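Shared between the two complexes below is chain A, which pairs with chain B and chain C, respectively.
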Partner chain A sequence: MRAYWAIVSARFRMLLQYRAAAAAGFGTQLFWGLVRIMILEAFYRSTTAKQPMSLEQAIDYIWLGQAMLMMLPAWLDIEVTAMIRSGTVVYELLRPLDLYSLWFSRAVAARTAPTVLRAVPMFIAAGLFFGLRAPASPASAAAWLLAVLGALLLTCAISTLLTISLLWTISGEGIFQLTNTCMWIFSGMLVPLPLFPDWAQGALNVLPFRGLMDIPARLYSGNLSPGVAGALFLHQVLWAAGLILIGRLLLARGARRLVVQGG
Partner chain B sequence: MLSGVRLYLRYIGVSVRSQMQYPASFVMLTLGAFLITGIEFIGIWALLHRFGNLKGWALSEIALLYGMVQVAFSLSDATSRGFDTFAGMIKAGDFDRLLLRPRNAAHQLAGQELTLRRAGRFSQGLVILLWAASALHIAWSAATIGLVVASILGGACLFFGLIVLQATLAFWTTESLEIVNTVTYGGVETAQYPLTIYRPWFRKFFTGVIPLACVNYFPALAILGRPAPWGLPWVSPLVGVGFLAMALQIWKVGVRRYCSTGS
Partner chain C sequence: MRHIVVENLSKNFRVAVRQPGLWGACRGLAARSYRTVQALDGVSFSIDAGELVGYIGPNGAGKSTTVKVLAGILVPDSGRCEVLGRVPWRERVATVQRIGAVFGQRTQLWWDLPVIESFDLLRDIYRVPAGAYARIRDELIELLDLAPLLDVPVRQLSLGQRMRCDLAASLLHSPSLLFLDEPTIGLDAVSKLAARDFVRRLNRERGVTVLLTTHDMDDIEALCERVILISKGQILSDGTLEALRAQVTPERWLIVDLLEPEQVVSDPDVTEVRRDGSRVVLRFDPRRVAAAELIARITARHAIHDLFVENPPIEEIIASLYSRERA
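Coming up: the complex of A and B.
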């Protein structure tokens, strides 16, 4: 366990160095958040009907999405990808470590470090100037933190599964585009999930993707009461556990039939 | 002039043949781009389904804005690859080679690649545009169809001009300035909705500084038979052409002061 923790902390500190990329991303995300909010404001002004989520809650939702963007498993682990393409992945197999846990640890660092770099300035800027409110209550804040933990487990499980799929696809672009498309729609990044048609809500609630973004954001703003946080955390953890199990099975098969590329 | 066109066609021919060496990969990437760029419209649809209208605009009217800007951007995106990757060329010192050839440097960069997989975004935008055209109950005339085509071409020129400006900045910074992506991709996002929904400073920015409204929103007003504030929608697409011409002039200034990083 100590070895894996060392990997997480070393990778985390290394990834914290990419500050210029984070600064560039921050400007883009700020612009993006502002455009989205102006669009939503115009929609809310176009109707008098009661909506499943207030405008203030929707604004919180947009900023939390921008702040936590890097939590989404939308980026491949470039180093492992290169290893699988070049064949040096055999060195990974030689290490006296469990390969799944090793890759999962890398994913933990790869998702948390850039998130910290971007979330902190985003919370400050959006909170001071652009309408992001504090959590609805102390209980909501606690529920949000729990859900962020669940989201981390889920995102790392998906990330690692995608990395493992590279053992078969090598390039990975196709499967990656497909999951990214699903994730963008079903996590709430495209449109806050409560604003989708009512008939779609049942399916949206079952899918794993809302655990990445939608659940934490709605708990934060009080759109979902802190009382349901436990059940929602269970939803996140069960999906994560299932995806970890699938990942482990696939990795065991993949390692057995691994054909090393290159000479 | 004629030899210039012939040379450009030669360049493009080479680029097309090289991309067609991997036909399966081409088909998959194009299909992926079709889906990914298309999810944005799912978002628009979901919001209109929820709110009914956007300040009096219906889905089919917004689809016209959407289709025009998507097609315009895809045209520019497919042809501007040479300028898009220009900062890397400066860094490596490769631009010297272009300058040694007895041809205009901008001409050579424009001919560097016709990115075929942009057909994904192009066809996606075109499908939405054609749907809008049939859903809109407009008596289409040669004049209005001409205005749609002119807006698309003007828009493509505008986006191409932005990429040229981004490349030109590299003469001074040697870095690719990602911030320009904010106005290109962000501009596409912005132009999908009627200009009036945004705050005044934002409207002024996309009319006066980056004249995106001139190649999308104003012509659309005339096409939809809505009152146009200027009475000028018929000439405003020309602003896009003017923007490109201006960008190329600034580019020339950059070329003149170019100092190789070479080793």
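Coming up: the complex of A and C.
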């Protein structure tokens, strides 16, 4: 356990060095957050029908999405990609470690470090100037934290699965674009999930992607009551467990057919 | 005690063949054709504890594949293999805990971290107890003169410095078996000598078993008593460097420094290898003519400043062997 923790912590510290990228990302995300809120405000003003989510909750939802954007498994682990391309991955296999746990540890660092770098300024800026409210209640805050933990498990399970796919594809671009599109739509990053038509809700509730973003954001704003947090956490954990299992099976097969690039 | 036992090991790779040109690329979308590359074809050898063995062969001969099978990274198609008493790919984690490796063209250090933090990370990965770690680390730092490098991020190290750090990194967990894959590639003369000296001491003083893969025959001549030669996935020879030399060619070289540079040295039993100014390098077969007799004949006919007999350099031997294999 200590070995994996050491890897998480080393990678985390390394990734905290990318401050310029974080600053640039912060600017972009602030801009997109404002644009999305303007669109939503126009939508809410143009309709008299009662929406399943208040405008204030929707604004919270958008800012939480922008703040926690780096939690999404939408970026390749550049280090593992480079290792697989160059063949340095042999050193990963030479360690007395379980390869799945090793790559999962890398994913934990790769998802948390940039999130911390961007979420903190985003919470401050959006909270002070752009309408992000505090959590609906202390219970909502606790439920949100639990859901963020679930989202972390889920995002790392997906990230690791994508990393493993590199053993087959080397570049990984194709699979990434495919999953990215699904994720962007079904996690609520594009349009808050409660605003989707009723017939879509069933499928959206079953898919794993809402666990990445939608569940934590709605618990935070009180759109979902803290009472359902346990069941939702279970949804996240079950999906994560399933994806971890698939990842382990794939890796066991992938390692057998491994060809190390570059001799 | 045997550290490595390999019996009849075979491994094939299936490689997708791409047809040239646009039409070929389009056809490749529908139907891929594959070619089988036999990387290892019935390889057998064994290495005892404390040996320092050179593993040589031309590019693509199967050297790296062998090392990767031994390290549990690749699974062979058939054959038996035991490393430190374990089948490496079945008990990968337990096996690699006692193996160290350096791949000269790649670093195992974390690119953005200072060297010492990479070392600390390896301590955690290999679960080295704190006391033992401090002792081994300080020893390696002293032996390889790493003290000035410890706080430098790896990306800022020169190749020679990086190689010294990589050597240290491969030994922090006191492995009993060390794989060195071209550890001197790209190094300057001083760094090469330092690396060789370190490997020799490691083997002699600590008894670490070393399997050295290299293209640098000076490495082999300086370090290895035993050489295994592989080509096209098969072992061609396994024995001392002298035996290898004898197997390839019995020839010797007679090097003559003439007093008058323009003279032509001709004798039915020699052929000229090359000529630099007044120095002539001649090749002869000691089974046909004794060296003493040849020297007497040549000194009788030519004015000579100096003369000596030596073995052809190992590079020439290996080159002739490789080209014979290719033909």
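Rule of thumb we're sticking to: the second predicted complex is superposed on the first by the 263 of 263 C-alpha atoms of A that agree within 3 Å, B and C clash if a C-alpha of one lies under 4 Å from a C-alpha of the other, contacts with A are read in each partner's own complex, and residues count from 1 in each chain.
Just so it is clear, contacts are C-beta pairs under 8 Å (C-beta built on N, C-alpha and C of every residue); 3 or more make two chains touch, one makes a residue touch a chain.
Every value quoted in this text rests on a predicted model; they were computed, and no experiment measured them.
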item	value
Simultaneous placement of chain C and chain B on chain A, clash or fit	fit
Touching partner for A:Ile124 - first (chain B), second (chain C), both, neither	neither
Touching partner for A:Arg2 - first (chain B), second (chain C), both, neither	second
First (chain B), second (chain C), both or neither touched by A:Leu93	second
Centroid geometry (CA): angle chain B/chain A/chain C, rounded to a multiple of 10 degrees	90
Which superposed partner A:Ala241 touches (first chain B, second chain C, both, neither)	neither
Partner chain in contact with A:Pro197 - chain B first, chain C second, else both or neither	first
Which of chain B and chain C A:Leu249 touches, first, second, both or neither	neither
Touched chain A residues, chain B compared with chain C	B
Which of chain B and chain C A:Met14 touches, first, second, both or neither	second
Shortest CA-CA distance between chain B and chain C [superposed frame, angstrom]	7
Chain C-contacting residues of chain A that also contact chain B	none
Chain B partner contacts - residues on chain A that touch it in the complex	24-25, 27-28, 31-32, 34-35, 38-47, 49, 51, 171, 173-174, 177-178, 180-181, 184-185, 190-191, 195-197
Chain C residues within the chain A interface of the complex	13, 59-60, 64, 68, 71-75, 92-94, 96-97, 99, 101, 103, 105-108, 110, 112-113, 117, 120-121, 124-127
Residue ranges of chain B in contact with chain A within the complex	25, 28-29, 32, 35-36, 39-40, 42-43, 46-47, 49-56, 178-179, 181-182, 186, 189-190, 193, 197-199, 202
Interfacial residue positions of chain A with respect to chain C in the complex	2-3, 5-7, 10, 14, 17, 86-88, 90-91, 93-98, 255-256, 258-260, 262-263
